[in-house]
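Two complexes follow with chain A in common, the first pairing it with chain B and the second with chain C.
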Partner chain A sequence: MPELSLSLLIQFIANGFVVGMYYTLLALGLSIIFGLIGVINLAHGALYALGAYAAYVFSRHLGFFPALVLSPLIVAVLAMAIEVTMLRRLYLKDPLLSLLLTFGLAMVVEQLLRMIFGAAGLPFDIPQRLQGFVRFGMLPYSRYRLFLLIVGILVIALLWWFLERTPYGRIIRAGTRDPEMVRILGIRLAPVFTAVFGIGAAMAGLAGVISAPLAGVEPAMGTAVGTAAFVVVVIGGMGSFWGPVIAGLLVGEIVSLFVLLYPPAADASMFLLMALVLLLRPRGLLGERWEKFE
Partner chain B sequence: MAVIKRQGSEGKGKLTRREFLRRAGAAGAMALTSPFWFSYIRALGEVPIKIGHITPRTGFLGMLGDFAVKGATLAVEEANARGGVLGRRVDIVFEDSPNPGVAVEKATKLIERDRVDVLIGEISSASGLAVADVAKRLRKLYMNTGWNSDEGRGVRCNRYVFHVEGMNTMYTKAVGRYLFRKREMRAWYFLTADYAFGHDLLRVSRRLLRQLGGREVGSDLVPTGTPDYSSYILKVRAARPDLLFLNLAGVDQTTFMKQWREFGAPFPVAGGVMDTAQFWAVGREALTGVWPALWYHKIKAPGVADFVSRFRRRWGSPPDNQAWADYTGIKLVLRAMEETKSTDSAKLIEFFEKGPRFDILKERRAWFANWNHQLVQPMYIVVPKEPAKAEDKWDIWEVIASVPGLEESLVEILPTPSENPCELGSL
Partner chain C sequence: MTMIRLLAHPVLVFAYILALLPAVVHAIGQTVSLATEIVTFILTAMGFNLLLGYTGLVSFGHGAYFGLPAYVAALMQVRLGAGIVPAMLSGALAAVVLGTVIGYLVLRRRGVYFALLTLAFSQMFFAIVFRWTAVTGGENGLGGLQRPPVRIGDLTIPLSNQLVYYAIVAALTVLAVAFLWRLVESPFGRVLQAIRENELRARYLGYDTGQYKLIAFILSALLTGVAGVLYAFLIYFVYPQLVHVTMSGEIVAMAVVGGMRAFFGPALGATFFVLLRQILSGYTEHWLVVFGALFVFVVLFSPEGFAGVISRILPARPRPPIRRPLWEPTSSPDRTDPDPLVTPGEPVLVAKGLVKRFGALAAVDNVDLTVVRGRLHAIIGPNGAGKTTLFNLLTGLFPPDAGSIFLNGKEITGLPPERITRLGVSRSFQIVSIFQELTVFENVRIATQARSRHRLSVLARADDLLDVNAECARIIHLVGLAGKEDKVASSLPHADQRLLEIGIALATRPTVLLLDEPLAGLPPEERQRIAELIKKLSREVTIVLIDHDIDHVMALSDVITVMHQGRVIAEGTPDEIQRNKEVQQAYLGEIRVDGRTPPPRVEREPWVVVEGIHAFYGKAHVLHGVSLTLSRGEVACLLGRNGAGKTTTLRSIMGIVPPRSGRVVFGGREITGWPPEDIARLGIGLVPEGRRIFPNLTVEENLRIAWRNGRGRWDLEKIYRHFPKLAEIRHRRGEFLSGGERQMLAIARALMGNPSLLLLDEPFEGLAPMVVSDIVRIIQEIRGDVTMLLVEQNATLALGLADYAYIIGTGVIQYAGLPGELLARHDLLARLLGVTMSTGRGQ
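Up next, the complex of A and B:
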């Protein structure tokens, strides 16, 4: 155990923030679909893996940066096709059915990836331009992680602007809270839900692309990540845009600090936080009272 | 076969209609079934030899499990192409074991329901120890081809289990002796996978460091499946060790390596175990460190090149150490059956315990230690190969040493019976 100095503590808090951004990116897509359509998307991890595999294919031909844009789009298109052909039929039925559908999809996607690309992981390097580190005084920090931080902030800003400041965003928010009234106003909601599912899936895909150079690409990569994303969503609470953002950052910090102080519980620490939040605020940190889920 | 008996003794002279139908029906049934009888009797002479193979196909060891199955499949196909064993076809039943609970279930099912003659496989130490207990309880030979736990060759060893896979002590002694002889790396930091395998490896690597006169400057247990190592790396960096010693396994190891390079690989790295297949997946750029290898497809030994080209023809990639282990495990079991002319576990065990020498695609012949059933064999020390020198994308390691050295006995890298006591027990 290295000596616990102020400098080390600051390093851990700063790094925890970046780790937190990673968790936020993981959870945003899940939170959007959950919060706006009310579907618990158990295929979230699978969409994340799909994004990483798409990036693997694209980046070999086009380079990393085009892949960063294209892969989430491909995942979104696939997801919207799934929404239109299958998921849509289940909105008004027992929520268990959409759980079963997305759970099944997750298994199908994982096995398909295994069939097409093989069970072995695929090499995926950090793009040339983002390799190496930036120095902060004496301490070098990974350039790629700073890039992750910037992408995270940009994506959150863009999503917030879209949902809170544009007419489309208003329709989405209104449609999820009071679909009947929106319909009476003459707005068709079916395409809105499709779009929301697409956006959520694109976010999962983007998280997959971003983490591919860090954690590698393999068929089961979505499984563990899916659990972490759920924890973040539960801590953040539903119905609030900032819930998963704050929860993601909190999870990043707490995991990072547990690594510093007591690493065997690093994995468990996010669940501890979740239990604590659920005890004190059953709806999550920023969860709102929402008739649909009461 | 069926003859309609005349009922004439009572003088009636003719069959009743009912009696006729009954007998004709019986005759028809016999005639219909007789071909099946014949084939059944034929098959009895050729009851296939059945091997039960068990290994994780999903999760963080799934990638290795895939190679295990490929190696085992090739061994069985080759045996059948040569006309089988003891004049019988060899069948293999594959089972997936994602966790210890399922592993126990599958091992029991293979023995009790599929009636396999031997068990082989497994990679996870937690699952492997559990399967070893099943083998002992149900009295079946179990050939371990993938898990390293010293406990399994020590306090929890048993008579029914043999180990083709190296034990943790062998791996750490191989790499540790090399590190101390070649370089001055005395202050170590350990990162350890937080489950049976890692704890076991940490124990033996600590013991080794003490024996070699080094000191420990830090040690962390890491949960399996951790996606992000940045915090651990910051901590290691602050402790300034001479060497970071990794006791990680599976995908965790390669994920760590990628991120270690991302932070500029601030200190030399060595590892307690290494599976080549994992490192094929990291990408050459992320490779660093000094590693022990159980087997590598570029070692110079008789038969290796030929085995590699057969494997490549069948599966499209060279075999890794896991494929080699399952291939070798099956070859050893079939060899024992041929020598003993039996598939009885007790006979096979006695054969192995006599210590016959086997050619295992290494430059020296191997045997099973009679006190703990570990296959005594050379290990290799490897470092990343310069990309310019590599023949193809699979050619990632430079083999820099075979340990123990040719002048030493192979048992040098095993623990002594007092370091890792084992009571094999009775059959």
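Up next, the complex of A and C:
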């Protein structure tokens, strides 16, 4: 076990948050999609992968920062197109069908990526300006990881502000509890559904972009992270905003801890955490009791 | 069965096809091992479909039950040197253990959580298998499996021979399929399908559905596990991808593409999948894209999969008639069922001090109830009285917050529905809750079967349980559905569905039968039919009845309990209740000396026209041609008893329940069938039943979300001036508001939309007198500018406010005229709205 100095400890905790950040971004997207539309988006991991691949393409031609903005947008546009042309048809039918659809789409996307870009991982370097270390007094910390933390926190804050302080966010929140009443108030919900699907997708795409320099870009990246996102949502509990946030960071820390202490169990550790949480709090940490989940 | 029929049995046909498969495969230039692979995946997919297609449970983690048993078998042979047969058997055992443990954990959750948990567990096992290199070989997998010859007596079976191995695999699969076929036809299998259709109903028939689901889960895991083991020994290799979620996904895809609702659907899907992979992978390594795209296509356009397509092309095979016993109605079909425990006249169901709260609201508030054997007991009361909640408590849907319930002297408080049903309390539901896709006979049989000792049997033939079938036939005849046994439930007209609902409840042989609004949504002739049935049944079983049709309730019952706002306010014989002043008041509302009668409007120019609308909830025909008009600026009220169609009328105007025929015209524009959001934008607002404020938004947010620009110039400031109480609590979340506060907010919210037509559904319900006068004041202020249609329970209050009055009953308008006239004729009011019978008796 490496020597624990304060500097190392802080770095370690921060790294845990970094890992947790992608989980949180994905889990939040999943949570609002399910909350409003009622669809479990099994294609979420694929959207994450798409974001990373789009970033790969864009950054080669335009640079990292343009890619950072464009990739989530592209992913969102694609997702919204899917919602309008395919997912929408299934809202009034058996919920199993929309589940199967997103699952099938995930399969198709992953295979398409494999087909177009090859099965091997693609190189994606940390952009020049974000390389190296930043010093906090005596503490050095990876500049890129710091950047990632800042972007993540900004996005979460932005989403919170959007949901809690804007009229559109109000509509989304109201729609998660009583969509029919929202319509009775004269608000068309179909565009709101599309927008929310797009927002969730954009967050997944963004997570893909920012994780690319650290985790690499390869076709199977969506599946592992996608499942982790679901585990985070289950642990955090559905129906709350802060649940997935706390759970994401928690899972990030736990996984990092295992990577440090006992790497072989790192992947499985989040499932152990999930099992533990569910035994003690069946609805997750901050989950709400709504009929639609049960 | 004749010899020909026997030889053409689907399972045997399947066996013939499997026998020919190697030849077919050879003909297209492939080896026998491809055929073996196809068969193992057929077994996998069909095992999986027991859960998906038959029980309705989606498992995204079946890869675990395919791959892990394979690993166990491999480990047994490679690491521990076991023989091939013990190794295979250990794999099968591992599948059972896995299915039991995981199934138990995962089935405790429902819906979304269940599906996600199966996914998560599968990934967890993958992670373990991938990482535990020392044991499992890690990402390289474990090779070196062998198929040594197996000796049985004098016979040596050369398993390494591909054709021999194929024969073994095929034989095992045929056996498994035969077992599955039998299972599907068995009582157990029928219950699985009932669970898929309507799990709550199945519990209410006395089935412990958790038990059934777990057994199905274990069986499914076992079949898939056996397939995994056989596959491992086919390729002599196990590797982590067998456990991965991708594998799980492929299994799901096979079942869905092939057709999850057809018995052999998944077999088709599996065959297609393996063949496609083999053929396409010669051309491209991306054959999975094609399969994935096909999967997406099937989900979007043809959810019944290949099997569904095939069944549409082939001529329809007539369903084999169910073998029914030769049962003839005897001369005395009514059978007395003497219960040795309780003699007639004694209390059979007793509730004491029942309380049930939902948040701050007490839906049932200290209620005592004594149901006496042999006496037909009715429970009536105005809206929100707590009647259905009381039924829910008595049948165990949720436990009471306080109080106790006794059946035949034994306490049943807090027991789950399935146990209470088995102990002898049965119920029908307000909204018909039957198994829509099963036939009438199957519906009743599932119910009758719940008491049979064969109910968990996987091998018996459900059709062969003669005693069960005989009882079914008797009940079908009793409720009057004879001759319709083979009709699918969803095709029945509403009245027959109600009869079926009663039949199902009766089939559990209850001591007490609770009927929740059995006459709702029916025209008069059908009501009569059902009322007669109820009378007939009351000789056989003790009945407790909730209904709003006062005429029938008075005619049928021996005892009536009246509830109001969660409490019992009166109890007695029909005559006593009709004479009871307090009851009349509860129904009609208090006489309010307001002193403010509006000037009578002489001319009425219709600005809002509702013409002959018919509205349905599913099959229930609730509005039978309702017509009314509103003049611009007037306040009209719509009165009527519960179940009459008041709320439905408002919802039809608002577009929430689009009328099936008739018209709604608003200011010259026809809005029939428009979606609610478009109707709202025209300037129509609704204060809905149940208030429906958003619990997760604050008071102020609830108001802001509703704001629309309009003539009335209502905005946040104006609202706060008129409703100072709301200003005080502006930052409180909706879920923390009291009933009265919610009501106020609902009205304020509707005003924020600046409507020119305001529909109000019982706006005064549950409000304190002071608040009532606040609301009345506001109504007086805005009348003239805002046209209003007011649905109210409190008749006298509404009549005091309105310019024009309508009374609706059994889906049609029964009275239209000036409120003053109606107020003067109290006897007419009592007849139309109160507890007096329409025929004039007891006036």
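Basically, the second predicted complex is superposed on the first by the 272 of 294 C-alpha atoms of A that agree within 3 Å, B and C clash if a C-alpha of one lies under 4 Å from a C-alpha of the other, contacts with A are read in each partner's own complex, and residues count from 1 in each chain.
By our rule, a contact is a pair of C-beta atoms (placed from the backbone, for glycine too) under 8 Å apart; a residue touches a chain by one contact, two chains touch by 3 or more.
Just so it is clear, the structure is predicted and the values come from calculations on it, not from any experiment.
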Partner chain(s) touched by A:L105 [first = chain B, second = chain C, both, neither]: second
Partner chain(s) touched by A:R188 [first = chain B, second = chain C, both, neither]: second
First (chain B), second (chain C), both or neither touched by A:N15: first
Partner chain in contact with A:V84 - chain B first, chain C second, else both or neither: neither
First (chain B), second (chain C), both or neither touched by A:I40: second
Which of chain B and chain C A:P264 touches, first, second, both or neither: both
First (chain B), second (chain C), both or neither touched by A:S256: first
Common ground on chain A, meaning residues reached by chain C in one complex and by chain B in the other: 223-224, 264, 267-268
Contact set on chain C toward chain A in their complex: 58, 60, 105, 108-113, 115-117, 119-121, 123-124, 127-128, 130-133, 244-246, 249, 252-253, 256, 286, 288-289, 291-293, 295-296, 299-300, 303, 654, 656, 675-677, 680-681, 686, 688, 692, 694-697, 701, 704-706, 708, 749, 753
Chain B residues touching chain A - in the complex, by the definition given at the top: 57-60, 62-63, 65-66, 194, 218, 220-223, 225-228, 230-232, 234-235, 238-240, 251, 254-255, 258-259, 262-264, 277-278, 280-286
List of chain A residues in touch with chain B within their complex: 1-3, 5, 8, 11-12, 15-16, 18-19, 22, 118-126, 131-133, 140-142, 144-145, 211, 213-216, 218-220, 223-225, 228, 255-256, 259-260, 263-264, 266-268
Parts of chain A lying in touch with chain C, wherever the complex brings them together: 34, 40, 42, 86, 89-90, 93-94, 96-97, 99-101, 103-108, 111-112, 114-115, 167, 170-171, 173-174, 176-178, 180-189, 223-224, 227, 230-231, 233-234, 238, 264-265, 267-268, 271-272, 274-275, 278, 282, 292-294
